[in-house]
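Take a look at the structures below.
Two complexes come next, and they have one chain in common, chain A, joined by chain B in the first and chain C in the second.
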Partner chain A sequence: MSTSRWVKTLIISQAQVSMTYKVSFFISMFVFIFPLLAKIMLWKAIYGAQPAGTTMGGFDMKDMVTYYFVFQMVFELTWCFIDGHEIIPAIVQGGLTPNLMLPVSYIKYVVAKYFAYMFVPRFFTTLALFPPLMVCFSSDISLHLTAASVLLGIVSLIMGCVFAFAYHLCVGLAAFWLENRPPFSDLMVMFLGGMIIPIDLMPAWLQRINVFLPFQYHIYLPTKIIMGKMSVAEALAGLAIQALWVLALIGGVNLLWRRGVKRYQAYGG
Partner chain B sequence: MRRYLKLIVGFWGASVMRGTELRASFFVSLLDSATALLLSVLFFEIVYTHVHSIAGWSKYGVLLLLGIFSLQMAILNMIVRPGLVQMGRLVHRGDLDGYLTKPIPSQFTITFLGFDVFRAFDLILALVLTVYSILKLGICPTPLQWLMAAIHFGAALVIVYSIWYISLTLVVWTTVLSSWISLVPNIFSFSQYPASIYKGKLKLFFMTALPIAVVVNSPASSLLGRMSWMSVGYSVLLAALFLGLSIAFWNKALRFYSSASS
Partner chain C sequence: MVDMPCISVRELKKDYIVNRKSPGLASAVKNLFSRNNETITAVGGISFEVEEGEFVGFIGPNGAGKTTTIKMLSGVLYPTSGCTEVLGFTPSNRKREFLRQIAFVMGNKTQLWWDLPTLDGIALLRDIYEIPEDQCRASVDLLSDLLGLKKLLNVQVRKLSLGERMKCELMASLIHMPRVLFLDEPTIGLDLVSRKAIREFLKQYNKETGATVILTSHYLEDIKALCERIVFINAGRIVYDGRISDLMSEFAPEVIIKCVFAKPVGEEDLAGLGQLGVIVENSNNVEIGLRVPRSQGPKVASSITSDYDVEDLLIEEMPLDGILERMYVNEPVG
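Coming up: the complex of A and B.
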């Protein structure tokens, strides 16, 4: 079977698997809403107690609410749990062994599998939930989409998706040495990636360090581009750096896989 | 009672052995389990560099709320979640049959089936944050205020557990849990912030139908001397009501359970 055919078959079958249980799928769509709404209410209370027009890190109240909505949307489309769900258990429990005998690359196999398993349902979640949610909060949102912000945002979002896969593959493959993920791997990407609070609100020294780290190129960059918070020149420069980090992470995946698989030992029949 | 305690010790002992068999993994998991708490602390640390109070709560007041919320979540994640997370598998594969035939209530067995030793670090950090916040607030709660806070805290644990169990009982009809297990903890994320940020009908809803305002705000407010004994009675009543509901709903659901095994 050619590569394109097995990839296509795998994607279709995994998409079907992810939506087999309709009620469960339906409920999983709503899981993220509550922390998002809680955070928005908190920010509304924070800004509500300040003089009108107050900004923090260049964000007024509407910018902040918009930020959390767009960030969550990009997160839903790009976040990946391939490490904890697939790779780490396979390495630690020995489930990797049969996969090494398959006539296809294990890395390509898990990427295709998880792309369909996660992306397809999340794509529908995003389409079904975010537009109505954003309409409900329209008076608190300020989103002025332009052709450039949409186009560059989509490019950045696709690269963010590749970034997420490559990053979580690296984290998962570290289990060859650690028997688990590296400590704080999620904390780094969540905090320094702007999930908890916009990077612009962080202390200046932290922002300076963060420039040299990859984390903001996962979700934060697409979010800021879509929000129109970056000029076209800034967005293009950001995309170039994002592409470099994606390449570096893909290189990291190849290196960790080659070294790790030599170290891998599995016993039993 | 002794039989139940012996069972709990047996369940938990096996879970701890399983959790600690890979030494490197054990230490990494210990560190990683604190992620959620660290993120929340960092969030408030940054927010309070821009503002002085949130809905009338100072930085250390909010950190006290966060500490108590994290303490509750750590306890539930350590003791209750490992069992509840298996409920989907038990129903889906028909393994629940084995527990239904035992001479102890199946809800008890499922609830205490596992023990997540990695949450111990979470628990310690939450405790440290709570004590640190109390010291920084400069408050010195009286023994009665401590007692009031402890009763509120216990009642809150029972309320969250009961609502969690009720929501997961639905698996008898849906047969698959998936991300459902995260639904109730996510809903309770509302409770880690001061209740005063919620206004109007939403506040009423969070005080009565889904009493998340009671869950964290009451123990913290008790330590700050803002609660009355009347509120303690209300918390205990709510806890008893929700626990009773969870038991009644589980027993009702079992009538619809059809074994998947042979």
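Coming up: the complex of A and C.
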């Protein structure tokens, strides 16, 4: 009861802060368009040089453009900067100290704060930006939504969100040991998670290794489900593994917090 | 039930691991492969107790271990070894019930929201500490009156001056009426008027609520005005723990007798005075300061008044700043 009350006040306070900086925030929301367009042009050139009807990793040209669009949308909806934005500076520069004095969980506090600050505004801007953008590119896109792909896609998207929060909390909390961001933490999610090229195009050996890693359960799985590239059975199996990874990461957050806070040095006076 | 001290510290120790690196790129590359780590003892096994309602000043030079000690008492830092109990809790367990009864005010950190007015920050703290709304409003009224903050409560925190922000910070830290208050240089960088206002306020808070207060400050006036007891820490150890007045007798074993004679004393009389103590000042053979052992003070004073034609005589303590300055650099005092 009481937890929900302070979380609500925190979210309202943070929403007020977000409104103070709305211009820079909205500009930052458009930045993704440039790399997205670059990728689309690159793949159109690659496919254009091949005989018509060529597929790569099961993707024809329209699938490929659709993949990057949907992937980018899922990325915008789920990506979480909580590590670099909040946790690492707090641990390394000592800003965590005032939070440690409060009789509430820091993890809850920081997630609620971030949720209001970044997540909610991004959520609405993404939903406002993508449909018109996809309409503009409708001749390059083939997206046939079904009830199953939408429903399972939303479930996977929500879990992808929790995944992102938990993963980036773990990355952030590692600063108790490393005093910095763990190397490659974002690159792993981007490369092994299918942001640079679809996982389907990776060499078979890498795909085999990737099955045992968590990265594809963040953005790639929701993307494939929404695109209708997975059967219902495959999607359900994917969701089950995604849920296990989410649980494991939440466990990781708890463990890292409990161990890490003992190492906190409270620098900076 | 036996009366428990509010704070009890036994053999408390904190080590830091520090990486030593010489300046320059070559040494940075070398440091990549072999790190020159060193263990530094910030607090080296200190013990003390504080009773409920006491106002204790932690003093000592920079890097002495004062702030590290306070951070361990408030549960921010885990001690390397030793035992601490505050209000019957082990601070490092950071139990909710413990955190609700303490506050830690840092001169260089803020717990208010930078981009929001103080009142919004306080609304969040009110819900975090589960303070009923009317009680919170009453506390805000009382505290903002005492600190003269009424007009500033609706101003964004980042637009406040340092002194104004510090006062808001103090208010925010106190709305849950903590039983133990840790203050780490709360007056750092403030002007005389603001420092005085904060001092007055702290004195009143301690008197009216009976809260225990631990204060670190480099401003001696703060310490003298507020703390009956001081704990002097140097190089991670307690050098002195007791009343300020007792510090004088322990660390300044001598007093200065200042005499003003009716007419200038002759050479012979001057030699006679030299027999009684060390002449530390002499202005035209009329005003003479004599340093004598504390125990001899009254005896020497009465012999001077009976043997000489004295207009005025004063027994003065050595200045506290001077004593502390010499303690800071580890010089024998007196």
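The working rule: the second predicted complex is superposed on the first by the 263 of 269 C-alpha atoms of A that agree within 3 Å, B and C clash if a C-alpha of one lies under 4 Å from a C-alpha of the other, contacts with A are read in each partner's own complex, and residues count from 1 in each chain.
The criterion applied here is as follows: a residue touches a chain if its C-beta (ideal position, glycine included) is under 8 Å from a C-beta of that chain, and two chains touch if they have at least 3 such contacts.
The structure displayed is predicted, hence computed values, not measured ones.
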Overlay on chain A: chain C relative to chain B, clash or fit: fit
Chain B versus chain C as contact partner of A:Ile154, first or second or both or neither: neither
Which superposed partner A:Ala266 touches (first chain B, second chain C, both, neither): second
Touching partner for A:Leu100 - first (chain B), second (chain C), both, neither: second
First, second, both or neither for A:Ala237, with chain B first and chain C second: neither
Between chain B and chain C, more extensive residue contact with chain A: B
First, second, both or neither for A:Phe30, with chain B first and chain C second: first
Angle, in degrees and to the nearest 10, that opens at chain A between the C-alpha centres of chain B and chain C: 80
Contacts of A:Val17 with chain B and chain C, given as first, second, both or neither: second
First (chain B), second (chain C), both or neither touched by A:Arg5: second
Superposition-derived minimum Cα distance between chain C and chain B (Å): 7
Set of chain A residues, in rising order, touched by both chain B and chain C: 20
Residue ranges of chain A in contact with chain B within the complex: 20-21, 23-25, 27-28, 30-32, 34-35, 37-38, 41-42, 44-46, 49-50, 56-57, 92, 178-187, 190-191, 196-197, 201-203
List of chain A residues in touch with chain C within their complex: 2, 5-6, 8-10, 13, 16-17, 20, 94-95, 97-104, 261-266, 268-269
Interfacial residue positions of chain B with respect to chain A in the complex: 22, 24-25, 28-29, 31-32, 35, 38-40, 42-43, 46-47, 49-51, 53-55, 173-180, 182-183, 186-187, 189-190, 192-194, 196-198
List of chain C residues in touch with chain A within their complex: 16, 67, 71, 74-78, 92, 94, 96-97, 99-100, 102-104, 106-111, 113, 115-116, 120-121, 123-130, 184-185
